[in-house]
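Chains here go by letter, A, B, C, D, E and F, matching the order in which they are written, and residues are numbered from 1 within each.
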Amino acid sequence: MARDYQLVAQTLTEALPYIQRFHGKTVVIKYGGSSMVDQDLKRSTAKDVVLMRYVGMNVIIVHGGGPQVSEVMRRMGKEPQFVNGLRVTDAETMQIAEMVLTGTTNKEIVRDLMLAGGHAVGISGKDGGLLRARKMEAEVDLGFVGEVEEVCPDVLRALMEKGYTVVLSTVAADAAGQSYNINADHAAGAVAAAVKAEKLISLTDVSGIMRDPEDTGSLVSRLTVEEARELLAAGVIASGMIPKVESCITAVEGGVPRAHIIDGRMPHSLLIETFTNAGIGTMIEG
Amino acid sequence: MARDYQLVAQTLTEALPYIQRFHGKTVVIKYGGSSMVDQDLKRSTAKDVVLMRYVGMNVIIVHGGGPQVSEVMRRMGKEPQFVNGLRVTDAETMQIAEMVLTGTTNKEIVRDLMLAGGHAVGISGKDGGLLRARKMEAEVDLGFVGEVEEVCPDVLRALMEKGYTVVLSTVAADAAGQSYNINADHAAGAVAAAVKAEKLISLTDVSGIMRDPEDTGSLVSRLTVEEARELLAAGVIASGMIPKVESCITAVEGGVPRAHIIDGRMPHSLLIETFTNAGIGTMIEG
Amino acid sequence: MARDYQLVAQTLTEALPYIQRFHGKTVVIKYGGSSMVDQDLKRSTAKDVVLMRYVGMNVIIVHGGGPQVSEVMRRMGKEPQFVNGLRVTDAETMQIAEMVLTGTTNKEIVRDLMLAGGHAVGISGKDGGLLRARKMEAEVDLGFVGEVEEVCPDVLRALMEKGYTVVLSTVAADAAGQSYNINADHAAGAVAAAVKAEKLISLTDVSGIMRDPEDTGSLVSRLTVEEARELLAAGVIASGMIPKVESCITAVEGGVPRAHIIDGRMPHSLLIETFTNAGIGTMIEG
Amino acid sequence: MARDYQLVAQTLTEALPYIQRFHGKTVVIKYGGSSMVDQDLKRSTAKDVVLMRYVGMNVIIVHGGGPQVSEVMRRMGKEPQFVNGLRVTDAETMQIAEMVLTGTTNKEIVRDLMLAGGHAVGISGKDGGLLRARKMEAEVDLGFVGEVEEVCPDVLRALMEKGYTVVLSTVAADAAGQSYNINADHAAGAVAAAVKAEKLISLTDVSGIMRDPEDTGSLVSRLTVEEARELLAAGVIASGMIPKVESCITAVEGGVPRAHIIDGRMPHSLLIETFTNAGIGTMIEG
Amino acid sequence: MARDYQLVAQTLTEALPYIQRFHGKTVVIKYGGSSMVDQDLKRSTAKDVVLMRYVGMNVIIVHGGGPQVSEVMRRMGKEPQFVNGLRVTDAETMQIAEMVLTGTTNKEIVRDLMLAGGHAVGISGKDGGLLRARKMEAEVDLGFVGEVEEVCPDVLRALMEKGYTVVLSTVAADAAGQSYNINADHAAGAVAAAVKAEKLISLTDVSGIMRDPEDTGSLVSRLTVEEARELLAAGVIASGMIPKVESCITAVEGGVPRAHIIDGRMPHSLLIETFTNAGIGTMIEG
Amino acid sequence: MARDYQLVAQTLTEALPYIQRFHGKTVVIKYGGSSMVDQDLKRSTAKDVVLMRYVGMNVIIVHGGGPQVSEVMRRMGKEPQFVNGLRVTDAETMQIAEMVLTGTTNKEIVRDLMLAGGHAVGISGKDGGLLRARKMEAEVDLGFVGEVEEVCPDVLRALMEKGYTVVLSTVAADAAGQSYNINADHAAGAVAAAVKAEKLISLTDVSGIMRDPEDTGSLVSRLTVEEARELLAAGVIASGMIPKVESCITAVEGGVPRAHIIDGRMPHSLLIETFTNAGIGTMIEG
């Protein structure tokens, strides 16, 4: 018997230095991609988050949900349209997006956390005036696609203080009450900066930033903000990775010591990143 | 000039005894019907609630949204079905109901309160484990129609303590994580009892309980719980009024001193009920 | 029925923006003149103050009481004497003034607030070392006429924190324990500055500052501190209005955003000033 | 040198057990007679009270002031009248009594405490609704002579919590706002019971209760409540001593462990009673 | 890479239910035997305790140290003597025992915890009046061998509230200040009851309670208090195991749900007992 | 009777200004020499400290204990060795020193304070990471003689906040866990600076600093830090007085207003210094 349990105990004590380092700190997790779709991954991610809470970390999960929105749109007879990867968002699309993100996706995550033994509260950017939106400026009018004008983190603090993990859908209103859909990566970066998070972790469907997307051996382990900007300018970071890297830059420039882009397809990647010295994915720092 | 402002001042001082009585107390409002649809009524109700908060009351708004659910169902090509006034709720209907109630209706109310100058947070029964559901027992299997098994009001207290008005959609999960749609009237009564509210106010589309529904002169101003039960048994209280009266009985038997069924079609009916001696609608007490 | 109650409700909601603006803020009221003598005005003022408290404002009432002092002096066979409008205050007069202001006038106001449903505590400048006095420098020796040397607002905070409205008579002692009578207008300005009040309201027997005291149409609605000083220098502001304007200047220069001189003879003038956009009287700002 | 300072130090350490016993406890002092008139005694009493506060006791001083009231009455041309030792109190007398007790006597005590280095706040029974009065029932109508109907000690707690010593004049109002003069001994007993004081000390002009008032050797050191009642019934306790003993009985029956009647003419009698084992005066216990 | 880290992550999530169960609870650990002597075991135990603290448990370590005391006695030329396994404790022995237990052993444990990243404070039963001793009644006079008369856990609460792990040597004084050496097992049981611990864990040099001490297969996994008493009476539990079992009985009868006797020679036995379902050693419950 | 008690009362009131000055302030007492050995002096010092606590001061006692260490060393067959007055501290000596200082001396002081009615907790520099040591740099290697590298006063604050007097033995560890013996005078100065004490009092076996050690009339009452440095440089301050004066300089330069070197052989010297104007010993100030 003793053999296996010894391993358990040894593992726990090896995690101790990491637990100590993050005790009482806030971590913002951008949740998206496969880790939000695959049933096993969803369960393992929920367990990871609940564990992070129990060892003393405050966790804010910021989630997207584009595929789910598109699916409901199609069921309602409306074909999703995109320009440069951004969803064209007319009034009806906006309504569907809010309905799906805040009413379905958000509550599924809350439910998963509850089943894993956690205490979570799901809100949108409208609640407690958390996110103030403004229309995103773009060459083409994309409709109700917004960006974060201001973060008022009071409601996050009120909930974290009482031990709740917060799940956030990134729909927000402008001062006139008009709803906007905000890119979840961007919102996560702004929220991480506003709450002075200890780190931002972005769960993605890739291993991290690649110098050559075709070559998995070209993973970049560590980047400064400056280097990240250069890779963006050089086009090495492209397409869906762009908002993720921008989000990390926003966070780090806003005072978050480290931002991580990791592979959410790997089970327990959150725990491995947080409680081991595995050094997975790409870390961006100041 | 002075004439009009005098009237304002006099009105304010006449409301003073009512303000004193409810200062620091919690009021649960069941929000539904026209007051939740008509734009002017929505705005006036939001102002009423914000005022109630500013004079020191804690407000919890429990809302339904059946018509909105039916409308989206139809847009998704699904015809709503009802048995004895209860919606037949298969898995797809359940998903649509949650999406609409929690994702659309709830956030519209939060937005209205924000525009009226309030600070509101919208949650569902799943958040913070607020409502635990179980399948409603019924002669006919209605699918995912649930009832309240338990109320854990911690998240309400955490939010009210920080000055937020809470807006609650009555979707909840059972211990296994299965979602159920709960009648909003019933949920409001259970929540009012759980937070030891000072009163429950149900906004409806009628003037109150009528001894003869055809005769508006037959309004009953005041009922004991016992009398209410008798009217239910006698079939005088029928159809949509049944859950509202049951909700009031649940609240009063759970320790809420008074429950009111009032006419939400009348602008500012909440303020009139709360801050004047008009005595509108029907009051049920212990 | 509905008609009248609608008006009530509408009035309440129109006051909402003002309630929001002053929620949690401190207001210092200089109480004097007719509003302190006429029975109906006393009652309506007390109701106004209690309402202000219930909608979340902290209220400090600073009162004078010269006529009452003179009356008791005469009953004790002592003829009041004045030089340039200031009472000649020998030891006996000082004793009578303290007795009347602190023992009679102050407690009458406390009683009126209690009858209106409020919770008030009446103190003098001696209590808790609130006001430290020094002899006023003047060309003629006026005896125990003092001015404010220092304000220690701890006792005000202790009482307001527990929800009490404070009523203050402006008798204070110097470091040696000698009592001085301090002009209530001056004391109100100093207290307003010391507690960082949101506004100072001076209840008087005139409509406000007049460019031509003979012409009621010459009311000045709004003045900067600089303009107020010019009107003082030019003698436009004269006699009893001088200390009121000086008090406003002290307050505004001490960080109080706005000071108001309004007509206490008009019932509910406090509420009208605070909760409507009537813009009565004269407002002095920075 | 060392000799004298040794004595100082030894004295301090001998007081230690008494300091420990009363640390954090509340003591109510009924202040009256010579100790309130003689300048030296006033100063020494003030020092005693300030010391009691600094070694951790909460002190409430309840004072009378009959002679001062009579003096002002005479100066206003009104001859004091008494029936069975109780002042006939018509409306004018009531006004004078309140004015003198609350406006003069109370503030003199506050001033004395301030000069001795203390922080005191003087209030009357009207403030914060501390004492609710009702007309005293008596065979002869004495006018506005009242008795304590109810004590609401919130304002005492608010002030003591912040370290203030409270000085209380025993004028109070009934529910209709009518003022009554309340016997200070009676009020002190009721207040001591309401705040669960550790002891009540009554400063008088005699050495304590005498079995034979003519014989100073007949001092009774210790009485149970029952014995005190017997001495009252037997007429041994007579005249001005009656309310003092009644006050002690009220206190002890209300849960105060010990009540003391001591000689306020002896300098520092408060300290001697509190911090030595001298056992001066008469102690009444349950 | 992923393989090993996956194991780490999986191990952590498997510990989650145990972490949840003990979060915020207090655990008393009786520390003794090999785990307190062997350098590797000392280090692993310290890590275990620090981890327990970081996942939200309050830990109190109660330690013995008999061998260390005997060793110093011998170095000081004094041969230890025992009667029925209890040390004969004359004044000099008492002094040595206190010196060693409180001055050496206690601080070594504090140091080990510090090196493992913890925050610990070491005290004895004398500090803050934590343990009140009285002379143990015995047939033979053993000198200054005491037992616990009373536990005053205030100092434990003060330290745990601030996040410190408390290390306790079981030397205590009686009311007269005389020192006594108290059996650490007994003290641990009394402390666990006094702080309403969630469990008591006794680290020993055996696998648990054996029905047949010669037969390691006769380990008893689970005992009720009643059964434990029977085994004591039957002599099955004997010698050094007696005080350990008595300690568990004291704890469980004092309201501690479970007490465990486990094998401290196994590395990380604390973690294995607490965070796995291994079920090592013997558990005594109510 | 009255005569003696009057003296008591007068003495108490004369101490009042000193009590007021130190109320709520922290005082660090370096305890050593005769006052720590002589039974009567120990008792009187304990009473003094308890009194200081009861009149509202926070007290930290930092003690040495060299003679006691030497005595136990000799009993263990080890001859103490000194170089320039500093103990040569090999590993065994270090162990004995810690054992005696933390296990015996510290707890005797805790016991004395308890018997005098106080609540004390004794800790060493290791507890709560209070003192971080480093090897003292010296010309000759003295072994484990350390100096204070850093003070982390959290544990002191936690204990004082709950009303405990802290007794501190000055053994501490470096980052690697190695124990060092730290000069108690030096530690006292560093602690006084770290907690922003109001004063440091060093109890010694001399009357204070002498310009001529042979001439008791040459006592220096008052020194600036600068003057103290000059006397050190000039060799006027020599031998055992050196660390005491250095300690005072550390304290005063660290923000402690005054440091006193007084004669602990005089009973109640602490009280005389603190609560009278006797001005004993030498005071060093900024």
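Throughout what follows, a contact is a pair of C-beta atoms (placed from the backbone, for glycine too) under 8 Å apart; a residue touches a chain by one contact, two chains touch by 3 or more.
Predicted, not measured: the structure shown is a model, and the values here were computed from it.
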Min route length, chain touch network, chain C to chain E, equals 3
Output for shared partners of chain A and chain B reads none
Rounded to a multiple of 5 degrees, the Cα superposition angle from chain D to chain E is 120
So, in whole Å, the Cα centroid of chain B is separated from that of chain D by 56
Taking each chain's centre as the mean of its CA atoms, chain E sits from chain F at a distance in Å of 35
Each of the following residues of chain D touches two or more other chains, namely none
Contact graph of the chains (line, ring, star, complete, other): ring
Note: ring order chain D -> chain F -> ... comes to D, F, E, A, B, C
Contacts from chain E onto chain A in the complex sit at residues 1-2, 5-17, 19-20, 23, 44, 47-48, 50-51, 54-56, 116-117, 266-268, 271-272, 275-276, 278, 280
The residues of chain E that touch chain F in their complex are 72, 75-77, 95, 98-104, 106-107, 110-112, 114-115, 119-124, 126-129, 154-155, 158-159, 161-162, 164, 171, 173, 176-177, 179
